[in-house]
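Once you scroll down, you'll see the structures, which are given as structure tokens.
Two complexes, one shared chain (subunit A), two partners (subunit B, subunit C).
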Partner chain A sequence: MKTNSLWKDAFIRLAKDKLALFSLVIVLVYFFIAILSSLGLIAADWSQEVGASNLAPSMEHFFGTDIFGRSVFLKVIRGTQVAMSVGVAASIIAIPIGVLLGALAGYFGGWIDDFVTWLYTTFSSVPNIMLLISITLILGKGIFAVYIALGATSWVTLCRLIRGEVMKHKEREYVQAAGAIGGGHFRKLFRHILPNVSHIIIINTSMQFQIAIKSEVILSYLGLGVQGEPSWGTMIDDAKLELVRGVWWQLAGATVAMFFILLAFNILSDALRDALDPKLKGK
Partner chain B sequence: MTTPLLSVRDLIVEFQTGEGIVRAVNNVSFDIPHGKTIGIVGESGSGKSVTSLAVMGLLQKPAAVVPQGEILFNGLDLLKCNETKMRELRGNQVSMIFQEPMTSLNPVFKVGEQIAEALRIHKNLSSKEAWEKAVHLMNQVGIPNPAVSAHKFPHEMSGGQKQRVMIAMAISCEPKLLIADEPTTALDVTIQKQVLELLHKLQQEYRMSMMFITHDLGVIGDIADDVVVMYRSNVVEKNNAKHIFTTANHPYTKGLLACRPKLGANPRRLLTVSDFMTEEGKEKVVPVERVQIFDKETVPDKNDHVLLEVSNLVTQFPIKGGFFGGTVDHFKAVNDVSFKIKKGKTLGLVGESGCGKTTLGRSILRLVEPSAGKIIYDGKDITHVKHEELRLLRKKMQIIFQDPYSSLNPRMTIADILIEPLNIHNEGGTKAQRYDMAKALIEKVGLKANQMNRYPHEFSGGQRQRICIARALMLRPEFVICDESVSALDVSIQAQVLNLLLDLQEEFGLTYVFISHDLSVVNFIADEVGVMYAGKIIEMDKASSIYKNAKEEYTRTLLSAIPKGETKQPLASLV
Partner chain C sequence: MTKYIIRRLLYMIPVLLGVSLIIFVLFNVVSGDPTAVLLGKNATARQMADLREQLGLNKSLFLQYLDIVKSAFTFDFGYSWATKQEISQMIKQGAYPSLCLSIPAFVISTILSLLISVFVAYYRGKGIDLFVRVFCIAGMSISALAYILFFQWFFAYKLGWFEISGFEEGFPNFISYIALPAVIWIVLSIGPDVRFFRTVILDEIYQDYVRTARSKGLPEIKILLHHVLRNAMIPIITYVVIQIPSLILGALLLENFFSIPGLGGITLNALNSSDFPVMKAMAILSSVGYIIFGLISDILYTVADPRIKFK
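Here is the complex of A and B:
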């Protein structure tokens, strides 16, 4: 009989779900496009005029051109880079904060827990979009401010989940057993408890990623996001005025691009939860 | 002869799994006559629960397939019934009690409502009538003050009371057949006895038929008319209960009967199923010396060295309350406990859940901080030692937990789990040497070295408990606390683990504190027994004499609660 870790088991379950695999492929394709674009290998010359103003989609210009005669297709690609980079940056900021604070609060309890709980209830009591707006206003407009703003708001959910899960696990006998063989707090928390709650980080990141993408679009739409770069949000903002003149392709390009990545992330998050969360195993 | 109420004929149940088809029930046939109780006995994985689920029509489709067989209930083949028909039968004519009373009740409804629900669905009673009937039923199952208790929520009741509520629900529609799937396994022995008596009484009163599923043959001795013994998906023996208990035929049945420790007279090591049959199921001759009664008193006391002395130990927990959640009072889980253990001996602590025995064990190890009193280990007061000293102490004192399912980290391999204690204390030389130590120990506890790279979820409960024992012994401790270490195991596995613990004690000169709610187990393994009640040790005596002349009424209650369904004949006659 072959032997599998829980991770491997989870992957085997995930691989059986064809829809989830397809979603994973879509996500990877978006990442690939974003990486190529950020390396300047594709869509580097998006600001060049490629034809007349407001050309309808054709074989030459997939998504048509905008008012300045730029390719909407290249703008969508550029927008993909912005969207994915925001997701990644927000996760890089949110995961360490959320995991560390959640784990410490859940494990030690007492005043640490009180403090962390106070911190995240304060954060979550302010409507997210207001918080995002105020942070971008303080830091000044631009993509960097969006990174910080999203990172600073998206750790809350993760922190709360990790805290609860750690509280549950610290009472388990395997953690007490680690104490009985002489393991200290550090070992109990990081070697024993965290690996058992780490699936939550993956599931949550997958869900937060799409929230980050959506938030970036909203911020950019409001004019608080990226400056001087195309983003799905600014494209939708542009389309607002163009629609009356029957120019729908800028809106369509941004929306379709957004639609597929959000749908893919949604399906993937569900599948990840089914595959990784032992509670739902067998259901 | 009249037709039986339930007749299972040549039943086969198979499960489709990732690794192919697994046959869980193989060609099983038995009858349940009207008004009789049938006990179905076997260890976990023997197919007994699957059989009962098949009768209830609760098999998980499409994973489970029934390629052959019929289940006739009053002449109606249940396997051919559609879901609508089955729903009509379930709860009404056939009902079921599950093993775990803690999770089978819905926590957000009052228990009275939950009982009344079935009555409203099946008997078309009005809400008021159903409620009155529910109160009446609660009275019948012996819940004190039923009119008030019906308004309680499940968390306000004890485990035994919850199981009584489950029984009230099951009998509410006066079913013809009651299926009880290990209804007492999660309960203390004293509660187990009450629940068994209640089931028997109700069965007589309602003239029900009952299918009683258990891993412990001893439990059903008093209530079953017929017994069906299942082993590895097959029925190996069926006969009337009296016959099974006196002249069992199949070696597996003999093994099951012999493996439960008896009060008083036991052989030096408990007999196990493997003494009676080989791996392939062939009968074996049990050597005479295996059944010879062993008297612990005859072993001379070589050692007078007191390893552990506990004096006036108190461990209390704050009770939070009031508007600001402050501490309003203290609950003394361990209240003024004193005892001594000599090196190489075993102290048994026995008592019901909530009596403080687990807290006592953890206080000794300082996993829970004691509030007052002294713990002297090997002549040294360890009540307040800190940090480094406490860490060094952990090498000498170890614990084996109750639940083998939650005490192993599911994300670590067995090798990692075993080597971890050595890593923490930086012992055992190089990586390869540590691995070899783990290998030697895993073989000592009866597992194979090539299983070491597996993960805990691939092992059975008994195997996991062996892994826990191996982990506890990695640091070569002198003193081990076994906290209900065999309670979660089937009786047949329990005997093997108890024997293992004794073997290891002999080999390594270990000193044990053995905590259990089952006096017969404690009586077998311990040299001295302390009976705990409400945080205090109320009686303490030599194991060999406590069952003969118990001074306290409570101890006698515990003694009388031990299932009496043992063979009426002396052990030797089994051979």
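Here is the complex of A and C:
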């Protein structure tokens, strides 16, 4: 009988779930928009005046214009770039730290485990929002500080999950077999155990991504995020004063853009968990 | 059991030292010289040196670290840079409005979520269950900021049902101020809460003992309330307890939008004026809350579930 690999199997299971597949497409579309925008191919001229100030949405200006007569639609696209970049940057920082510390702690145990457990217990003891605003304040406002702050907070869950999973795997037969044919610790850990727990990285990244997007919006709203560039958070901040004058389109534009990406990640996270970790099915 | 509790209590010490270390590294090492920010561009070197002396920044780094550790145990946080008030006094004043908002909102949202979860678990797989699930996920995908902004504009400004912002002390007076933020709090927490409670309840529903109860001829609702909910309560209680420390910070954003002079408001004011001592105090205070309630939650978990063995 022919058997599929875990990944192929998972993909087949995921592909059956039409809703999840659709969510994946939405996520890819957002990424595509963000990449085009960062290459300057679209929305590069967002700061140009395209019409009178505070025009309501129309066929000409999809989401209307802001107080300076700039297109809210282009600002939403620029905001997409900021939001997606924060998710990516936070993952790039968090994954190596979380995986490495979690794997070492779970595999070697002893003082390494004690140290790593202490480290992530300490980090998770400071409420996330306090840590986020403190780090961005200290590092100086701006997108770079937001990257670091989100990276520094989002490795914790991943580390804890990887540690637990590696602990379970290290006594399994396939690892003993690898040891019996002469594999050393690092070979056992990185060649044998890690590929078998790597699905956790994907599930967790999908969940952390939406937290990163939400956090960026809140930090930008508080004035700690991007400076001199539109972001969904700063657009909502603008809307705070505009709403009483009936200008609702900045709030609507940012909220709708955020809604679809968060919804897609929400559905995708559940589907990925079901597809990659069948034991957890339904949880 | 006692041994386990004592061990967990002792473990609080290294964690508190660690939390103090994070705060120390951020505010005392990485931050650089805060006197330049405090005095503005035209400060002379002399003024800056005087201020450093006054703020205790001339001490060695190790002594500065010890000060933070000490404040984590004594709750003596010194004075605010911006308002020159004693910080422990500011916290005492801010706690009242924060708790007026957070306690009722938290209690109502938890009970409401639990009722909804039991209801949808009873009708699991039916239309209403699907509807609630879709509603939860969709609700969680909308930014908290959007909810606050829209509710404040619509219910307070447009319809005039509630006060737009502000706060007044005293029992019946504060209700008109906290009602709308409390409603928003409830709307914000129902999504994740119902999702979690429902999963926990459904985990229990497929257990053998439920099948036994059913085969005895017990009505479904009785099984749900007497058997399932009792077992599902263990993860539910720990989930609820672990959220209690977040009540201390109140709701940072809600307090900000509605100008409620609580701890969340104090924190954001400190953020805007680079008031390091207040930021540090709030970080320490909320961390201590997290550590204590995390401990209580763990202990409750082990007390409530005799299957869990301690090492």
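Note that the second predicted complex is superposed on the first by the 275 of 283 C-alpha atoms of A that agree within 3 Å, B and C clash if a C-alpha of one lies under 4 Å from a C-alpha of the other, contacts with A are read in each partner's own complex, and residues count from 1 in each chain.
Note that in this section contacts are C-beta pairs under 8 Å (C-beta built on N, C-alpha and C of every residue); 3 or more make two chains touch, one makes a residue touch a chain.
Nothing here was measured: the structure is a model prediction, and the numbers come from that model.
Visitor: Once chain A of both complexes is superposed, is A:G182 in touch with subunit B (first), subunit C (second), both, or neither?
Guide: first
Visitor: Thinking of the overlay built on chain A, is A:T121 touched by subunit B (first), by subunit C (second), by both, or by neither?
Guide: In the superposed model, A:T121 contacts subunit C only, not subunit B.
Visitor: Per the contact definition in the header, classify A:P195: touching subunit B only (first), subunit C only (second), both, or neither.
Guide: Once the two structures are laid over each other on A, A:P195 reaches subunit B alone.
Visitor: Going by the contact rule set out at the top, does A:L263 touch subunit B (first), subunit C (second), both, or neither?
Guide: After superposing on A, A:L263 lies in contact with subunit C but is clear of subunit B.
Visitor: Decide which partner touches more residues of subunit A, taking subunit B and subunit C as the two options.
Guide: Ranking subunit B and subunit C by residues of subunit A touched puts C first.
Visitor: Mind pulling up the subunit B residues that touch subunit A in the complex?
Guide: 19, 362, 365, 367, 391, 394-395, 398-399, 401-403, 406-413, 420-421, 424-425, 453-455, 457-458, 468, 471-472, 474-475
Visitor: In the complex of these two chains, what residues of subunit A are touching subunit C?
Guide: Counting only subunit A, the residues touching subunit C are 118-119, 121-127, 129-131, 133-135, 137-139, 214, 217-218, 221-224, 232-233, 236, 239-240, 243-244, 251, 254-255, 258-260, 262-263, 266-267, 282-283.
Visitor: Considering the complex alone, what residue numbers of subunit C touch subunit A?
Guide: Where subunit C meets subunit A, its residues are 14-15, 18-19, 21-23, 26-27, 30-31, 137-138, 140-146, 149-150, 153, 157, 199, 202-203, 245-246, 249, 252-253, 257, 267-268, 271-272, 274, 279, 282-283, 286-287, 290-291, 294.
Visitor: Quick check: in the complex, which residue numbers of subunit A touch subunit B?
Guide: Per the touch definition, subunit A meets subunit B at residues 1, 3-7, 172-174, 176-184, 187, 192, 195-196, 278.
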